[in-house]
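Across the two complexes that follow, chain A remains constant while its partner is chain B and subsequently chain C.
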Partner chain A sequence: MKITVNGNGLEVQEDIKHIKGLIDFLGLEDKPLIVEHNQQILQKEAHEKAVLESGDKVEIVHFVGGG
Partner chain B sequence: MLKVGNYSFKSRLFLGTGKYPDFDIQKQAVDKSETEVLTFSVRRMNIYDPSLPNFLEKIDGNQYTFLPNTAGAKDAKEAVRIAKLAAASGRCDMVKVEIIGCDKTLLPDPVETLKATEELVAEGFIVLPYTSDDVVLAKKLEEAGAHAVMPGASPIGSGQGIINPLNLSFIIEQSSVPVIIDAGIGSPADAAYAMELGADGVLLNTAVSGAGDPVKMAEAMKYAVQAGRLGYEAGRIPKKNYAVASSPEEGISVGN
Partner chain C sequence: MLETNRYQRQILFTPIGETGQEKLSRSHVLIVGTGALGSSSAEALARAGVGHLTLIDRDYVEESNLQRQQLFSEEDMRQKTPKAIAAKQRLSQVNSHIHIDAIVGDAEIDLLRQIAPKVDLIIDATDNFETRLLLNDTAQKYQKPWIYGAVVASYGVTFTVLPDKTPCLQCLAEYIPNNGATCDSVGIIQPVVQKVVSQQVTEALKLLTGNEAALSGKLIAFDLWENQHTEIEVASLRKADCPSCSEKRSYPNLAYDARLKTAVLCGRNTVQLRPQRKKTDLAEVAKELQKNNQIKLFQNPYLLSFEVDSFRVVLFQDGRVLIHGTMDQLEAKTIYHRYLG
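Then we have the complex of A and B:
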């Protein structure tokens, strides 16, 4: 299925069923990150429950240096 | 002790984490500054190169209180979203409202800053808005529930120091929440001056990260903030137009 991650189109396998699966697929499972799924900000424990569907928009953000 | 919301800090120096030459220098600078509050930004992750290092991996986050900024937001709505994203990390409930209204001067948008402050206070955040040195706006931010106000000394990253000490003094005098001088500090003298004016704290970034030796400058800023605060508490002498001898005039045995 095709989803949008951080503004870019991404083709992912149908067996990736939820946000946690997507994070694992991208190799980001150990990274401190925050996910927004279709404009809904997810708490970490919600990653396993947030079902991924074709056309979804996902934002993956993290903390960077700033003043 | 500096009290902001339900937090108490021994150090009155808040340090930004942007633009250090590398993560090791940043870590050493943070250590030397003895700061307890670190600011940072929220940005999209590079999902195609997750091996890129992140400063959080180098710094023991448990030692510090995190103060995410909303930099990048152009209006209150975006600022609230960034604050909520940061809070979803479970690492912070404080936020520095930073809504830039002018790309050239990076001065804050007063209307959107006030709006975002109101909304974030209602959402339960500890809110520290970055504002200009506008005295009335600082009052309105406090009335909106801001837990501290953070007027700029001069434009962000300019290193021009304190260009309107009078306005900052007015803000300090009228505020019943802490006043933290944020942005524009260039040297330890500027930081000490801010504290001598009666500020409750100083937030700086580029003055340290852009210094020739950021680690040494971090230490210098620690002392400057401490010295300025002590000087403020001690109470400086008034300025006079003419000299007043510091040695006694009586009992001079030379000259006649």
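Then we have the complex of A and C:
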């Protein structure tokens, strides 16, 4: 299915079923992330319950420290 | 009084105009950190005619800074000039009509407490979250806006924290990475600095000229190399029981720690030690060290530097010491006690 991540289109396999699966797929599982799924901010506990559907918009942001 | 032509193009920009320009000239901005982000925002604000800038930085200019820290020259590097001083020197050439305070030191509790009440806003250009949390609580306490900015590799993040309006950094604490993750071994490209600073300085201009309604209100992140741009509405993350910004506030980040403070400087293979006593007589220390003829000393009016074994030790007037060549805080303490008491 095709979703949008941080403004860019992304084709993901059907076995990626929820936000947590997407985060693992992107290799971001070790970072504390602010995740917005279709304009709704998700708490970490909700990542596994948030089902991905074709056309979904996901924004993922992490803090960095450098200056 | 405004020089007639200097700010003409900015005054022609309607949201600023004569009134906004007048406000800028009466504004005081604190910039914490004068590395990449700090150099760039200081130059932008100086050129824009912000009447009073206070710069704080604990470091001195090194060769690897020149790629992205736009206020510094090779001469600053040769002289090991403290960044705040070198920045002030350059900015005074850029705009001699504004007032600039340069402070060589750590942005610690007492210093921030002296300065924060007098400023209109604070720009975050630090490289660590310990200082940012301190800034956060100071800003909440004195009801000042502050603008978070950070960069690594080709990635940048920024967010404007408004007292009593937006979430503060403490509200977002669960998203702060632990120390190791912020230490960048992945480098940085200069354009991402400019992009974060563009955002920070524009937000600052809006606030200083009374254009609050134009503020972004969002957490903004981008990766220039990956062509990504993201904005997230984070208002819902404001915590009703936040210890820094709610009614039940206790400012946990302003709690004192009296010990010899050590900090690993990210990506620098360097440990900083900050003893409690203030002010060091550099000449006195130099005289002591010269008794050891193994030690080669370098001195400028602001600092003293020497090499010993595989370490380089730099001592500042305010008593701080940088030990280059280690990330091990215990090892750094040993060297400190061996040579500097």
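Assorted remarks:
One rule holds in what follows: the second predicted complex is superposed on the first by the 64 of 67 C-alpha atoms of A that agree within 3 Å, B and C clash if a C-alpha of one lies under 4 Å from a C-alpha of the other, contacts with A are read in each partner's own complex, and residues count from 1 in each chain.
What we mean here is this: a contact is a pair of C-beta atoms (placed from the backbone, for glycine too) under 8 Å apart; a residue touches a chain by one contact, two chains touch by 3 or more.
Everything quoted here is computed from the prediction, not taken from an experiment.
Overlap between chain B and chain C is detected when the two structures are superposed via chain A.
Of the two partner chains, chain B and chain C are each touched by A:V61. By the touch criterion stated above, A:I34 is placed in contact with chain B and with chain C alike. In the overlay built on the shared chain, the residue A:N6 is in contact with chain B and with chain C. The contact surfaces that chain B and chain C form on chain A in the two complexes overlap at residues 6-7, 31-34, 36, 41, 44, 59-67. Taken together, the chain C residues at the contact with chain A in this complex read 33, 35-38, 124-129, 132, 149-152, 155-157, 172, 174-177, 181-184, 188, 219, 221, 223, 226-234, 236-237, 266-267.
Those residues of chain A that touch chain C in the shared complex are 6-8, 30-34, 36, 39, 41, 44, 59-67. On chain B, the positions that touch chain A within their shared complex are 16-20, 26, 39-45, 47, 50, 54-57, 66, 68-69, 71, 81, 84-86, 88-90, 156-157, 183, 203-206. Taken together, the chain A residues at the contact with chain B in this complex read 5-7, 26-28, 31-34, 36, 41-44, 59-67.
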